[in-house]
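The same chain A turns up in both complexes below, where it pairs with chain B and then with chain C.
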Partner chain A sequence: MNTYIKNEITLMQFILVIHGLQVGVGVLELPRKLAETAGTDGWISIILGWILTTIASLIIIQVMKKNPHGSILELVTQNFGKLIGKLVTILFALYFAALSVIILIRESLFIQKWLLPQTAFPVLLLLLIIPSYLIVQHNIRVLARYSEFIFYISLWIFIVYLIPTKEAHLLNLLPVLKDGMKPILQAVHSTLLSFIGFEAAFFLYPFLRQKQAAALGIVVANTLSMLLFLIVTIAAFSFFSPDEITQFKEPVINMFKVIEFQFIERLEIIFLTYYIFVISTTALPLLFLTVFCTSKLTGRQDRHSRHLIWFFSALFIYVLMSSPTFQQNSQWQGKIANLSIFVAYLLPLFLWMFLWVKHLFQRRELH
Partner chain B sequence: MNFFRKYNRTKNLHRPPISSQNQQKTPLPTFISKSVSENISMVHTHFTLAPDLIVKKMVIQQTGSHAALVYMSGLANQMVINDYVLTSLLFKEETKNKSEDLKVLLGHQQEATTWFEIENAIFQGNSVLFVENHTNVFIFNTPGYPQRQVGDSQLEPSLRGSHEGFVETGSQNIAMIRRHLPNLDLKIKEATVGKRGKTKISILYLADVANPEVLQVLEKRIQELDVDMILNTGVLGELIEDNPYSPLPQFIITERPDFAALQISLGRIVTVVDDSPSVLIGPASFTSFFQNIDDYGSRWMVASFIRLLRYVAFFIAVFLPSIYIAVISLHIEVIPLKLLLSIGESRDRVPFPPLLEAFFMEITLEVLRESGLRLPAPIGQSIGIVGGIVIGQAAVEAGIVSNIMVIIVALTAIASFIIPNYDMGSALRIIRFPMMVVASIFGFVGITIGFMIFIGHFIALESLGTPYGSPLAPIRFSEWKDVFIRFPQRTLVNRPFSTRATQLRRAKNNPSKGDKH
Partner chain C sequence: MKRLSHIFLVYLFLITMLSGCAEQLPLEDMTMQLMLGIDLSKDNNLIFYETNPVFSKTSKKSSETIEVKATSIRDARNKFDTKVKGFVNGSKIQVILIGKKVLEHPDWFSLFDTIYRNPKFSLNSRVIAVDGPLSSIMYYQSEDNVLLPLHLKTLIDTNNRRNSTVQTTLHELHRQIYEKGITPSISEIKDGTQLRLTGTSLLNHKGKHVHSFNISETALLLILQKEERGEVSFTHFSLPINNKNELFHQDDISFSASNIKTKIKSAYHQNKFHFDIKINMPIYLGERMFPYNMSKNEKNFKKMVEEKLTKQFEDLIKIIQAKKIDPIGLGLYARAHHYAEYKKVEDEWGKALATSTINVSVKVDLISTGNVK
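Moving on to the complex of A and B:
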């Protein structure tokens, strides 16, 4: 309990950590994925996904209010006993570890594909591991400050991204609802995956200083991400023609290719390099949550750096043995997607219902 | 064993005679005795091989008792002793004064009873008077050790600030700060550090503004020091900083009393080290190293412009050579064709990879800078001309480095000199080299990773337990009025958060609840 009070984070940091978790590698591919399933109406799915996400995140806050001085791990331990508590801790640790492995490998794959095609894959991974270790080994406060700082210094990307839209045609978006609602609803699945990351509120809530504003904070974080997804998607849809967009794997990067200044060409290289910062705000909190769970498991709160070293060594050795590819990574992503949906959208609902029922019974017992 | 004994004997040859050594080892009594002659012999056995020690025996005219005045000839001012102490003691006729109180024409006069105090007093340049039948001694404040004149600060010259810089005497430095802050709340805590050096360290702070927790951290670190001596402020700073393995300075070291006073008024704590012409200011934040006293003396638009220049210079100093290396060696496609052609033309004759070329020039420049520093001022300037113009020009003509590389290295050097704080400027020069190496191997990705490591480090770093990155991380937009741009003075009503001051608003008496004064 003491660890939560000593490491308080502000509301803005809470918002921006969650927002950073949601905005990562996925954004680069989001317009294509939406266009593949829902055509140019894909942007409607984003709004639908946002509504679902807001509901789910409000439920998370409601659940966490029941036990404001502990994370979900303490909540589960209190309600279901120590054994199940340990089991849930292990499951969460594995879940976050899997997510962070996927993101780290995907990030290195991106770097290899676009920036350094000649460099060996393990070396690139090692490059990412070093700063990750240096930042995550500290407490949540440092991590929250990092996410906050990176958010503000990354705002320029957004402005530069809007430069190509002067050649965009909003007519590309019309007609709206040309194929009915069905493809839009199908595309909601991929937008939900983009919003994944707000479940970190399960762990961040006890660290938050202004707990009464937690609901507002998580809604703001989701809305911020939603606006970003929406603008990025609409810009891409109106810039490319409806048939053209599905041909690019990462349409967002291809949009940057158009921009050219007098002193610089190939702006997408600068953009992609800088995007490592943005991806790091996804990967680092996930890594932190992984070691947070494992150190909870061993009962020693001060062992973050040691667990990190183990984790990174295992990952590095794995990468040395095998050579990951985009396809394999996407397969993994597909596999963990359903689990993510369960953890982020269904688990809060179950927990909330359980606590509600328990509360009812307890009240009955009292009378 | 025999060998050892021989060794010991030869070693002892350089030491004072054994007899006096043995006598010195007999422990000193704590208190002095009533007899003057006994005390004097104790002084002689205690201060062996100290030819500058002067013991003057006399009879005091005021009371008629025997006495002895002891002082160090080099440390005490003999004129003061003659004119004010000896004249009053030897030539003043006996008055009807039976209170055994000696009348001396000196304002500062103390009494002491222990040998420990006497020893310290003599070494501080005071003169000590032993009087027959007295169990206490009189200590007259007659310091006369060599002192430098107060002059302009060498390292931090300024246009509008005061033209006095700190000198080597702690008490004078404190006086200079006090002249800027004549306030009852300016408190001074003193400590003596160093087993042999016995350096006097004074901690200055505003009692109702400085954060008591920060003060406690600083005091504890100073008290826990176990060293022989504190040579100067830099040594103290390195001994008590939070992370000695960081390239970044964690205390501001300044030679300017006005800057020190300003920082005290903002809630920071100033540590004055006796015998050192600079003071230590903490807790420091990253952005405070980019501020200068002239920012406040000149008009706000000019000050803001110069301050923005400094931040631009920071990026140039750290990243420019590495970006150039990355572009040339890995990302040639980023440059537009016209620019590429001119760069290619310039690099045409250079047989080395960009990293080697850059290292050659950078190291030449650093050597020049350091050698210019070590030479007397008139020669130092000519070194700059020889190095900068002759070597640069010749290297280009010989085809060892390209023209553009010379431009880049020169820009980088100028940029690192614009940083007002010497320590921060040097730190940036150091950070540049690893950046260049990663840039040459991994290109832009390497620079990004290097920058990420830098950001991670500076976010996690603390100075006296307060965040070093404030107000950038943790972000505090309200404080940005005095970070990148200096707003007009009227709007600067709050103290920075990074000092954790207990009173946020300046010039108002609004103590918060945390104030434990």
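Moving on to the complex of A and C:
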């Protein structure tokens, strides 16, 4: 319990870690994915996804309030016993490990495809994991400061992104609700996946200094991400024709491709290089949560860095032996998607109902 | 111990970065394509041209041009490689020229696949149609030895600012080809006694060239597209007054218009689309070749200008409908406001537009008549 108090994070850091987890490599493809299922009405799905996310995150905070000085791992151990507690810790460790592996590999694939096509894949991964190690080996406070810092210094990307919208055709967005509600509801699945990351509140809550503001914090984080997704998507929908947007795998990068200044022509190269920072605010907290769970398992909180070295070595050896592809990575993503939905949206609900029922029974026993 | 391991990690990081040095490529060993040309030979073989700058003090020419017979842009690159000194690199292409002979065959756009597939290509290259054989333009050498690709790029950009041609980049071409509610329009040049811009090539939805607009028609098209930039200048604009002179066009005026407001309304009834285009033009008179009592007859003057402009727009739309194309993008309005009806005809939108009614009305505000009466 001491570890939580020693490493308190501020409300702003809490917000920006969650926001950073939500905004990453997925944003580059989001407009295309939405357009594939819901056409130019896809932006409505973002708002629907945001409503569901806000409900789920408020439930998470309600659940965590029951045990404000521990993460979900302590909560489960207290309510279900040590054995199940251990099992849940292993499952969470595996879940976060899988997410981090997928994101690190996808990030390297992007760098290789757009920026450094000649460089060997393991070298790119190595270049990513060395600085990652240097940050994640510290405590959560360092990580939270990092996320906050990156958020502030990346704001310019957003402004530059809006430059091509001077050629936007707002007529593309009309008519609203062109094919009814059904495709919009189908696309909500993709938007829920973009919001994945707020479940980190299960682990961040005990670190938060101002616990009374946790609900506010998580809603602000979700809203921030929602506004970003919404503006990025609407800009892309009005910029590309609805008949062509599904042709581009990463429409967001293509928007940067069109920007041309007198002094620089290929702006997407600079954007993508910089975007590695933004992606790192997704990958690093996930890596931290992975080793947080594993070191809980061994009962030694000071073993973060050692576990991290094992994890990275395993990942590096895996990459040396196999050559990952986009297709394979997307398959993995598809496989873990449903698990993510369960962990982020259903698990809080189950836990909440369980605690509520338990509370009811306890009250009855008292009387 | 921990400090030592950190130092080790930082060194490892720096050493890994060195891997980039192995693939270094000096500028002299690179052949940077600035212009790419595609044409059909007499016996219907695809010919590819490229122009690249020459970095050499001894060379008199600032650029060299190479032509090869090939089946695709990638195939052409391999064949270029066998003819030039350095590695051929397409990421700096400024201008892409397409011969009209290529444009006469539909589906030529599939040649461009690699440009959109390969992340190295820039999507800002200007696409230009060439009236006549491409070879005369590719080997065109101006007297002051300017790099032709840069010359062409500037030619298109400045003329677009003057509203004499469209500015269709590779990205915009992709949009116009895939968007069902619009047909592509690209800049057109011609090599006669001197290289010059002739206006805009209009393609149908499959990419086949069907018509060309000259410079003044292009200005009208840009107004209808709401893509006009700054001032639109109208010259040699003869009014119906009986003041004929054999040598001097003494019935002409010239004027410029800025802040033009184009409003397009659409409707659907009797199985037909209806478009109502209202254009509001504040104009500044720049030239009047005949005496006219403006203070007395200003209304009449405005009316003459309005009628003539309306006639010009109507003629333009008649051509568009006759050729079954839609360079204006009226399909976007149809989709936005009459989605169900549009969806039925979107694959044949040009035909649907040909049967619809389009009304144009022009309103002119005479802002200034200049310093003399």
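The criterion applied here is as follows: the second predicted complex is superposed on the first by the 367 of 367 C-alpha atoms of A that agree within 3 Å, B and C clash if a C-alpha of one lies under 4 Å from a C-alpha of the other, contacts with A are read in each partner's own complex, and residues count from 1 in each chain.
The definition used in the following text is that contacts are C-beta pairs under 8 Å (C-beta built on N, C-alpha and C of every residue); 3 or more make two chains touch, one makes a residue touch a chain.
This is a predicted model, so every value here is computed, not measured.
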item: Which of chain B and chain C A:Q362 touches, first, second, both or neither; value: neither
item: Contacts of A:L134 with chain B and chain C, given as first, second, both or neither; value: both
item: Partner chain(s) touched by A:N254 [first = chain B, second = chain C, both, neither]; value: second
item: Touched partner set for A:N172, first chain B, second chain C, both or neither; value: second
item: Chain B versus chain C as contact partner of A:S322, first or second or both or neither; value: neither
item: Partner chain(s) touched by A:R145 [first = chain B, second = chain C, both, neither]; value: first
item: Which superposed partner A:T119 touches (first chain B, second chain C, both, neither); value: both
item: Contacts of A:F240 with chain B and chain C, given as first, second, both or neither; value: second
item: Interface residues of chain A shared between complexes with chain B and chain C; value: 116, 119, 127, 130-131, 134, 260, 265-266
item: Complex contact set, residues of chain C against chain A; value: 6, 9-10, 12-13, 16-17, 19-20, 23, 91-92, 116, 119-120, 122-124, 169, 171, 174-175, 178-180, 182, 329, 332-333, 335-337, 339
item: In the complex, chain B residues that touch chain A; value: 330-331, 333-336, 339, 442-449, 452-453, 455-457, 459-460, 467, 469, 472-475
item: Chain C partner contacts - residues on chain A that touch it in the complex; value: 113-114, 116-120, 123, 126-127, 130-131, 133-134, 169, 171-172, 174-175, 178, 240-244, 247, 254, 257-258, 260, 265-266
item: Chain A - residues contacting chain B, complex; value: 10, 12-13, 111, 115-116, 119, 124, 127-128, 130-131, 134-135, 138, 142, 145-146, 148-150, 152, 260, 262-266, 269-270, 273-274, 276-277, 280
